[in-house]
Every structure is written in C-alpha cells, then in structure tokens.
Amino acid sequence: MPTAPNLLLSGLRLLFAAVVIAMAAGPYFLDPTEVVIVTEFLSMLVLAIMWNLLAGYADIVTVGQHAFVGVGAYAFFGFSALAGLDPYSSIPLAGLVALIIAVPAMILVFRLRTAYLAIGTWVVAEVLMLVAGKLQAWGGGSGTSLPISIVLSLGRARNDRLAVIYWLAFALAAAAMFVTYFLLRSRIGVGLTAMRDNEEGAAAIGVNITRARILCFLGTAPFLGMAGAIITMQKLRIAPPASFSITDFTVFIIFNVVIGGIGSFEGPIIGTIVYFLLREYLSELGTWNLILLGTFSIVVILIERRGLWGLFRRLLADDIVPVAHKPTQPAVVSRRLSATES
Amino acid sequence: MVDADTGAQLAVKDVSVFYGNFCAINHIDISVGAGEIVSIIGANGAGKSTLLKAIIGQADRVEGTISFAGDDIVGRSTKEIVASGIMLVPEGRRLFPSLTVEENLRLGWDVGRKGKGDIGFADIWKQFPVLDERRKQKAGLLSGGQQQMVALGRALLANPQLLLCDEISLGLAPLVVNELYALIPRIKARGIGILIVEQDIERSLAVADRFYCLLEGKVSLSGRPSEVSRDDVIKNYFGI
Amino acid sequence: MAGVWINQILQGILLGGLYTLFATGLSLSAGVMRFVNIAHGDFIVLTSFILLVLVTSLGINPAIATIIVLPIAFVFGFGLQRFLLQRVVGENVLLVILVTFGLSIIIENGLLEGFGADPQKISGGSLETATIALGDGINMGVFQVITFVAAVAMVAVLDLILYRSGIGAKIRAVSDDVVAADLIGLSSARIYAIAMGISFVTIGIAAGFMSIWTDFDPASGGTRLLIAFEAIVLGGLGSLWGSLVGGIVLGIAQSVGAQFDIAWQMLAGHIVFLIVLAVRPQGLFPKY
C-alpha cells in the first residue's frame, strides 16, 4: 500500500531524476545569463558536496578548502596559459596538482586533533595564497587575465563558450555526486557513518578509519582543484585573494551545507539550491547577507542539526538518494552530531 | 527530616531511568535510613550505576520521585544535591589525574554540604598516612588502592549524610579492599547512611544492614542478609 | 650590519609579546574546553572597535577605556559560553567549531556594516613614539616594551590563577575529566563559563594593546586568530608559558622575514609554524 510519505518520496525521486536530465540539456533552452548562473551553481555544488563529505562523514572540519580551489585555478593557468596545453587537458591536470599539494597538507594538518585541524587547514590555505602571490609568471600579487587565445579555443562565439563551461561544470558535479554516492554506500562509507554515529561501531565493521579519512581528504582535493579550474574559465582571471577566496569557496559553502543539512547526501544540494534561490535578494543586502546566513546556520545547529533536509526528511519514508544502509531508520540520527546538553 | 511515608532518609519511589528509549531502571522502590548500610547487588548491566546516577542527578531522564531528607530531589542539579548532603564515590574512582592528592580532596570539601563538618583534612591524613606522604603528588600517579582512598576521602570531606559507593573494590587487591571495607562501619557510626553497590556479593552483604538485588532494572530480591539463603541470592542475582 | 639583525630579532621578541596577548586566552579556552574558538580574533577586533568608540566619543584615555571594558568582557564571555556554546559542547567538536565560525563571520560583517572597511587605530599619544636607544641602530619602543611586560605579567597571573587558586583547580579538574566533575557536583557548565570569561578578559587586554600598536579593520580577525593559534600550537597545547615562547618565535620569524622582504613577514611566521608542526607536532613545551 503506497502511503502518503512513500508517494511523496517517489515524486521527489522522479523530480530529482527529471531535473538532472533536464540540466544535461541546459544550454539548449536556457538563456546566456541563466547558463552562467547554473554554471556557478554547479561549481558551488561540487564544493558543497566535498565539504560535506569531509565534515559530515570523515570528521575533518576544514575551513581551508579554498586552498585547493585556488591551487586548481593557478595550476590551470600554468598548464593552459604558460605551458600552452589545451584547456581541456589542463582541467584534470589542475586536479592532479591539487591532489599532489594535498598530500603534504594532509600530513601536516592530520597531526592536529579535529578542533585544531580546522584552523590548521586555514593556515595551509593562507600559506598557499601568499605563495601564489609570489609567482611572477602568474601576475604576482595582483594576478592576471587568461590569454584571449585560450578563451577563444573554448569556442568562437560567447554562447558556445558558456555552453562548454556549463557542460564541464555539469560533468564535474555529476562525477562528484556519483563518486560520493558510491563511496558512501561502500564499506568505507558505512564505516565512516558508523564512526560518526558511534565510535565503537566502525571498529566492529572492521574499517580502518584513518585510511578512510585519508582517502576522503585526498579524494576531495582533485574535485576542488578541477572546480577551481572551471571557475577560472568562467571568471577569466586569476588573483590570489579572488582565486583563494575564503568567503566564496569556504564560508558560503559551509553555511549552505549547514543550512541544507550536514551529513546527508541531499543536504549540500538543498543548501546550494536554497542559496541560489535567495541569492538575488541576498546580494541586495550586501554584507547583511553573510550576517543573515551566519545567524541562520547557528540557529540551524541549535535547533535542527540536520538542517532543512532533516526537517523535511521527517515527512518521507526514505532519503531521496539512499546512501544509508538502514533506510527504515526515521532519520540519520547521529549521536556524534548531537552534542550532550548540559 | 525523613520521608513521610517510610521514615527513611532516602526514599526512591517508583523510579524509572531511561537512556533514550531504553529503560535501564524499571519502577524501583528503595530506601536508606539515617546511618543505615544498604547494599545493592546485581550482575553487569543490572542498572546499579544508573540508579546511583539518578540519585546524584546525573541521569538524563528520570521518572518517579527520589526524596532525600523529605524533599523531592529529582530534577535538581548535582551541585544542589551534593550541597544538600549526598556524595558519590564514582565507579572507577574518577580522580582528576593531573591534580595533586590534596587538590582532589579539596574539591570534595568545596562542593560539599556546609555546616559543621565532622570530618576534616586531619582525619583523612590520619586515616590514610600514605596519602599524607603524597599530598603534593599527582593523583594519576597513585596506585589503584591509594586512588580509591582519595576518592573515598574526597567524598567524606563533602560532609555527606548519605554516601553512595559504586564498586569501591573493583580491581583492588583483597588486602586493600579489607582495609577500605573496615571503614564502612566507622562511617556508619558517624550517622552517615551508606548505599554500597558491589558485584562482590559476600563482601557487601557482610557489612550491610539490608540489601536489594537488581536484575535487569528491577528489584528481584530484598531483605536482611541474615534472612535470605545464599541460593536465593544467587538465583535472583543471575535470574536463573 | 650585525646591529640590523640584532635589532630585527629584538623587535621580533617584542612583537612576540603582542602575539602572546592574542594567544593566552585562546590557550586557556582550548586547553580547558578542547575546542578552538574560531571567533577569538574577531572578538579582539570587535573589542578594539568598542575601545575606539569609547576613546573617541568620551575622550577618555585608552588605558581607562580598556579597564572599563574588562569586566564587561568577562560577563560577555561567561554568557556566551553558558547560553550559547555550552549547548553545543560535547563529544563532537564539529558543532562548536561551526557555531564559533558563524560568530566570526557575523562579527566581521557586522563591523564592516558599522564602521566600513577602512583601517582604524587608537592613538597612544607620546607613549607611542617614545623609544629607548641602545646604540648601534638598536631601538626599543617604550610602548612595545610595556606590551611585552604586560604579556609576561598576563601569563604569570593566569598561571597563578590556574595553579594556585581554588577556581584554577576546578578549571583543571573539568579539563581532566568533565564527566567526573559533573558526578561530584562541580558543574562543568559553570566552570567552562568562568574559563571563557577569563579568556575574554585576555581578549580585552589584547585589544587594548593591539589597537594602539597596529591598524585594525573588520577583516583583521582572521590573521589574529591564526597567530594566536600558531603560538599555542608552537608552544605546546595547554602550556601558558609555552604560548609566550610560541608568540616570541612567531614574532622573531616575522620580523626577520620582513628584513629580507616586507612581503615575507606573514609567510615567514606560517612557514616556521608548519616546520615545527612537521618535526615536533606536540609543540615546544607539551603539557599533555
């Protein structure tokens, strides 16, 4: 017997699938400004998914994820503008450089316990940004623009270029979702979820938590780097404070994931959608928009730790994208996410 | 200053304690009179520590009433409960390892019931000369038995009317346990009621005036040690 | 020539005094409560703006303004911990990191809204320009020396409070074992709040010195936090005297780095921090 929550759930799953398919064809029916906005949405979604994977599952709360976005941007510029490679192969190479930089970064910050690790990642990001400002070939402290030849190699007409960048962002976001989906459903994901919900659980499942955390940290870096490359294609410029923007690539991302629902597959998606729906109004508010988002995320943490998705989830029989292996649980109630009240 | 119905100093009436939805203590009635030694026995997981946590105000969800000296103390903070005259010797001793012996003891004095305290530092040093020698030593460096002495001393310095002891014999050599248990009647002689939780049936029944046997959160047997047979106790201890 | 380097090192040591003022409060709160208040630097900047308003609107001496602010800072820190942070303090640090992170962004943008992005400074009057000449081109600013003395005094006083007072023993007890503290009626929530109150007093003092020493703007909280954090990790987490050493190491690194190239100032500090983290993650004077 299909109950109301089950019907709603099937409806939402259908809607999700339909939107994904429609988005694949985005440039055919969206006007250029919309294409630009959806491209931004997709790259922000990638960042949100990655931050959620680390903070919501792997117990790595980073406030320095803009580091790898910036590294990706600078590496992309290096490969395409300086080394003269074509922009398409420069994207995965930018991801690779982010991965390579992530190794020493990880070795350093993993020496710190979770509470301190957060700030350790920030230090690393700060160092990378300052170093980027010293690279004269990259324009030093003031940065530089992407050569026009590279821009033109993406397409002669502006609309063609926008479509190409759109599809690149779409492909990256789709890959990010696929990878996290399968990772979370794998033994590693189950182990991480068990660790998050209950420390002893993970050991019982026999998953090596340290290895799982290393995998997550290193796994997110190339995605962040490739996102940085795609963002650079769109912005056509690199500059230390803009390419390593803590506000755009970390602060907003954290707020979006917290508001959408940390530690769930749907959370980052919902948070990013809500942010883009409100963005028109929020940008009119100027600095108030960050004040508002910050306040709202604190309220979310105090009232419903699983965010908007946590609220909405109560109406449904299951997650839209079921990554948890016990779908009958009313919610992914996590003991570690629910702090002890005094 | 006693419970109206039972005349006891501590009266646990129809109390249930929950961890989430799990009911660890299930409609229990227990009482301790002034200067009475009451023993709680039961297997692992029977709910003994949970009961003590509920009395001291550290259980999340408690139903029923716990009256002490005539007042219902359910919902009061541990700070208030301790100041009103109940003190716990926690399971596993729970000293503060980086604090010195003296600092650990002083914490008991600080949180305790105000008024004319019978027991002072001098009594503790006299009772436990080994601690006197190690006043300035970090508690974490003491032996298990010495740590238990500090835990007991800390509780006594709080000037309690009711002492809750959770498995004070755990992990200690028999000789040390003998020494600690020898103190129980002397504490009682000062008019302090004592609720002793132990897994060691022989030991705790030997000093107790009355006992309760817990089984899966319920009282399975109670009475005076002299009035029940060993077989009965064993049966109700394991539930077989 | 040697005089230049000796002078840079001396300036670095004095700068380390300012950094120690940033760090001690963070060391206390992180050591006791096992979480890092990400808004620590922003609270220093916020307090500096409050001092600026007091000094300019009432025309009072910055030192008096700071003294007025300290009790308010204590009450504020106490309340912040008791009524907001305590609700998310627990086994998972994620929540408390996120709440303090949110606070940090709110403060930064609130200040931006109220005061604009321009750098501000409080004038220290003649004290600011007075110097002690030691010859060979070596000079010490009087205000810098006073700051350094204040930093040493602050560490010493906090050390006394923590290791010689009743409340200090309670704070250490809660830091050792929160559950045990609650079991014997120590009320960890209240003691945490007191520790945070003390941490905020140090924030007030740090703000008093910083607002005269350097420019500050709404966005400068982040760097203050990073410096405080690096100082406490360098010194060894939980060690108050360690954070003095950590602050001095950072100060020297920055000052010597700036001598090579002014742009190297910040980077030199971070790099020394990362090197120490790599070879000696427990810091120079580990407590735990």
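The chains carry the letters A, B and C, assigned in the order they are written, with residues numbered from 1 in each.
Keep in mind that, in the parts below, contacts are C-beta pairs under 8 Å (C-beta built on N, C-alpha and C of every residue); 3 or more make two chains touch, one makes a residue touch a chain.
On a predicted model such as this, the values are computed, not experimentally measured, just so you know.
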Looking only at C-beta pairs that count as contacts, which pair of chains has more of them, B-C or A-C? A-C
Chain whose Cα centroid lies nearest the overall Cα centroid: C
Cα-centroid distance, subunit A relative to subunit B, in whole angstrom: 52
Calculate how many whole Å lie between the centre of subunit B and the centre of subunit C, each centre taken as the average of the chain's C-alpha atoms. 44
Distance-wise, how many Å sit between the C-alpha centres of subunit A and subunit C, to the nearest whole number? 32
For subunit B, which residues are shared contacts with two or more other chains? none
Quick one: which bits of subunit C touch subunit B in the complex? Just the residue numbers, please. 166, 169-170, 172-173, 175-177, 179-187, 190
Subunit C residues within the subunit A interface of the complex: 30, 34-36, 38, 84, 86-99, 101-103, 105-106, 108-110, 112-113, 188-189, 222, 225-226, 229-230, 233, 237, 263, 266-267, 270-271, 273-274, 277-278, 281
Subunit A residues touching subunit C in their complex are 55, 59, 61, 63, 107-108, 111-112, 114-116, 118-120, 122-124, 126-127, 130-131, 133-134, 141, 246, 251, 254-255, 258, 262, 286-288, 290-291, 293-295, 297-298, 301-302, 305, 335-342
Can you name the residues of subunit B that touch subunit C in the complex? 53, 56, 58, 77-79, 81-83, 87-88, 90, 94-99, 103-104, 106-108, 110-111, 154-155, 158
